[in-house]
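Structures given as structure tokens follow.
Two complexes, one shared chain (subunit A), two partners (subunit B, subunit C).
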Partner chain A sequence: MRYKLALQIGPVAFRIGSTWRAPLDALARLYAAYPRPENDICDFTVRLEPEKPWRRWLRPSVAINGDYMLPDAAPLPLSMGLLAAEMGMNLQMALGQKRYLLLHASSAEKDGRALIMTGESGAGKSTLSALLGERGWRFMGDEFALLDLDDGRLWPFPRAVSLKNGAIKVMEKEVAADRFGPLIADTPKGDIRHMRPNDAALSGMGEAAKPALILFPRFGASEAIRPVGQAEIFMRLTQASTNYVALGQAGFDALTGLVASCPAAAIDYPDTDAAIGLVEQLWREAA
Partner chain B sequence: MAAPRYVADPGDAIRLVALDGLSALYHLPSGTTHIVAPPAPEILEALQEGPADAAELLARLRERYELEERADEAIGIRLIELEQAGLVRRA
Partner chain C sequence: MKAARLLVRALRDPDSVRTCDWSALLTAARAEKLLSSLAFRLEGAPVPAKVETILESARRDAAQARTQALWETEMARRATAPLGVPVILLKGAAFQAAGLDASIGRSVGDLDILVPRDAIEAVEQALIAAGWERLKDDGGYDDLYYRRWMHELPPLIHRERDRMIDVHHTILPPTARPTPDAAALIDDSVTLDNGLRLLSPPDIIVHAAAHLFADGDLAGGLRNLWDIDRLLREFAADAAFWPRLAERAEHHRLKRHVALALRLSARLYGTPIDRALAGRPRLADRLFEARLLARNGWGQERRKLLRFAFYVRSHWLRMPPLMLARHLWTKATS
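Right, the complex of A and B next:
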């Protein structure tokens, strides 16, 4: 590959190669404050290549390749190269991660303990974790939470936060402009803007935390806290994990251990301030 | 026709974790996870003594638990469900 970049995100190291310079420049700017992998040894490789050789110049589109591949991953226009790199990293994690139980969840840490939030796309888990990260918590990740198969601790994966649509304005009010990447309009998921996590999140990316609370947020309904039974929590988390089945018994043991040790609740909220209030209330009760 | 006899995998072939009133069950031979309700764990445990038809199984369960009058009908249905889930098979 002509252009290369190596990035350490939490306990995972990536090598990203690209035929074009622009996506890697954008990525390097966004991830400028991140450490480089020790000894340059990487867990996963992402390749951004022309969909077809001649498409490098003529209306170029980016195919996302790597160690692990989905046959139908759609190519993106070159203007969305940053998004392609991020999707490539997600894909490698989702398909190839074997050291941790991977939960499609956001997470934040306070006092050495971790909050896990999971829900369907649009539930607000990403925005809530990003907001908590600016309000006294350590942001751990907005997309994946890594559950240690040996000791049940949660490892951070604080890549750049992928803000979508309405969440972009919410965070622009809270965070300095130099932490944002370019606005990428009209992607398959609407408008997307990446935001670099703050210094506390980056300097703490090597620190795991013991899970203390699991929340299932849902945006759009009036404020409510609903109990969730352990069997339902377990089932929802198996669905939220991309590698539960592949891990076999190790995944089962890690996930049942998490469910048995952690209180959980579903929360409905009409706006982000109400959500933060509910999170803080449940966090105090779980202490 | 004789009633079918059922057999379960040995106890170390399953992992069972209680979750409130239900249980999460991991079946090692197939690598599948199940959420099961009583009396499924109790049936699997009773089958550890060896193959049994529904009547024998019911007798084993009556030694350990207080069962309702109509439990015999329910046990037969649960056995068919467990067979469909791959957790017991015909002996």
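Right, the complex of A and C next:
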């Protein structure tokens, strides 16, 4: 490939190749402080290539290819090249990661123990984990939480936070401008702006933590804490996992281990401050 | 060194990969569906720690894939057992069920089975009754094309497990020029403990060669050739194997294909072969080799023109010219 970049994110190393320079320049700026993979040996390869040869120059469109691909994935315009790279890395994880049980969840660490938050798109798990990361917690990841199949610990995957729509304003008030990527407007998911996690998150990206609390946040309703039974927690987490079925018994063992050892609750919140308050309260109770 | 060449060398001689472009090797291996096979070949070899974690994960994945393939095979057995017809496992499922060396790290995509032609409708009905569904539009062009001209039924997919089964009545399309003796394949098959069957060792090679060189454009061929290497090494322990292979290849009119498989397997993977049966090297062997190695370290396919030529060849082999024209016309206008 003409342009290339290798990134270490938590325990996972990626190699991204591109036909165009711009997406990788944007990626390199956003991931400036990340370590390089040791000996440049990478778990996954992502390729950003023209959908058809002439699409390199003519109305350039980026097909997201790599070790694992979706046959009917729509290409993105070159102006969204950074987003294509991010989606490419996500796709490798979702389809190819077999070393960990992959939960579509955000996570943060405090005192060596991990908080896991999962919910439907728009529930606010990304924003909450990013906010906690600025308020005394170590941000572990906003997209995937990696559960170790052998010892049940949670590994961080602190990719750049993908802020969407309203969450962009919330974080712009908290965080210095130099940690943000460009605003990518009108993507299939609305406006997106990436934010680099802080130094604590990056320097701790090699450290796993024992899961201590699972939360199912929901944005929009008035403040409430609801108990969730273990069977429901288990079902919700199988739905939140992209590789639970593919892992077979190892996935089942890891997930039942997590559910059996970890308290959980559903929380409703009207605004982010209320949410942070609920999280801190439940965290103290779980301790 | 080119990544596909590096992969072939690593499989052939695991000690050769002390230092290399690991990302390129692993990516090419994954793209050729050979990562788990490579992982088992390199088990215990001194590789960098990061490589070891990737290979260990591939080995675990292979173990899970094997469990799943065996389960799918068992489901098909239960569905078809009451019919009392011979059901012969083909390709990956057969290697896994019999525990052949070729099954080590071998992924199994679809379940392929061979049944007597006059039983094929009963088998299809039994599978449908057990939860498999037709993937192709019933009575559409593709469906009719399969039923009239192919060596297998249109693929069925299980509605809960989402796995495909291909039910064959012979090993090459009836429209292809060599016509293997399907009845002899079944007569010579070997019965496993659970009642399912495998082709005889020589017929397994004949089928693998036919599949690779007479029925496709060689995409993913490195893996199929690796199967052939593993199978030949295991079967050749029996002294009677080579003469029987010669006899069966002749009987099924696939001697040329078997000879080519032997030559390429020896050329790429260093397989010990019967030189008389393999015949002299030919100029075209280089073309096949180049096609098989058309993969770079980013996992991309190279040599577009050569691949296209093999694609055209695959259709040419499968259909007489007039039929090919009609087929392409229908596909282009539908």
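One rule holds for everything that comes next: the second predicted complex is superposed on the first by the 287 of 287 C-alpha atoms of A that agree within 3 Å, B and C clash if a C-alpha of one lies under 4 Å from a C-alpha of the other, contacts with A are read in each partner's own complex, and residues count from 1 in each chain.
Assume contacts are C-beta pairs under 8 Å (C-beta built on N, C-alpha and C of every residue); 3 or more make two chains touch, one makes a residue touch a chain.
Keep in mind the model is a prediction, meaning the values are calculated, not measured.
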Per-residue contact with subunit A, leading partner among subunit C and subunit B: C
Which superposed partner A:229 touches (first subunit B, second subunit C, both, neither): first
First (subunit B), second (subunit C), both or neither touched by A:250: second
First (subunit B), second (subunit C), both or neither touched by A:25: neither
First, second, both or neither for A:51, with subunit B first and subunit C second: neither
Which of subunit B and subunit C A:148 touches, first, second, both or neither: neither
First, second, both or neither for A:43, with subunit B first and subunit C second: second
Overlapping contact positions on subunit A, where the subunit C interface meets the subunit B interface: 248
Subunit A to subunit B touching residues, read off their complex: 229-231, 233-235, 238, 244-245, 248-249, 252-253, 256, 259-260
Residue numbers on subunit A that touch subunit C, as the complex places them: 1, 13, 15, 17, 37-43, 45, 47, 66-67, 98-99, 246-248, 250
Partner subunit A, residues of subunit B touching it in the complex: 15, 17, 19-24, 26, 28, 31, 33, 35
Residue ranges of subunit C touching subunit A (in the complex, touch as defined): 22-23, 26-27, 30-31, 48, 50-51, 53-54, 57-58, 60-61, 64, 67-68, 298-300
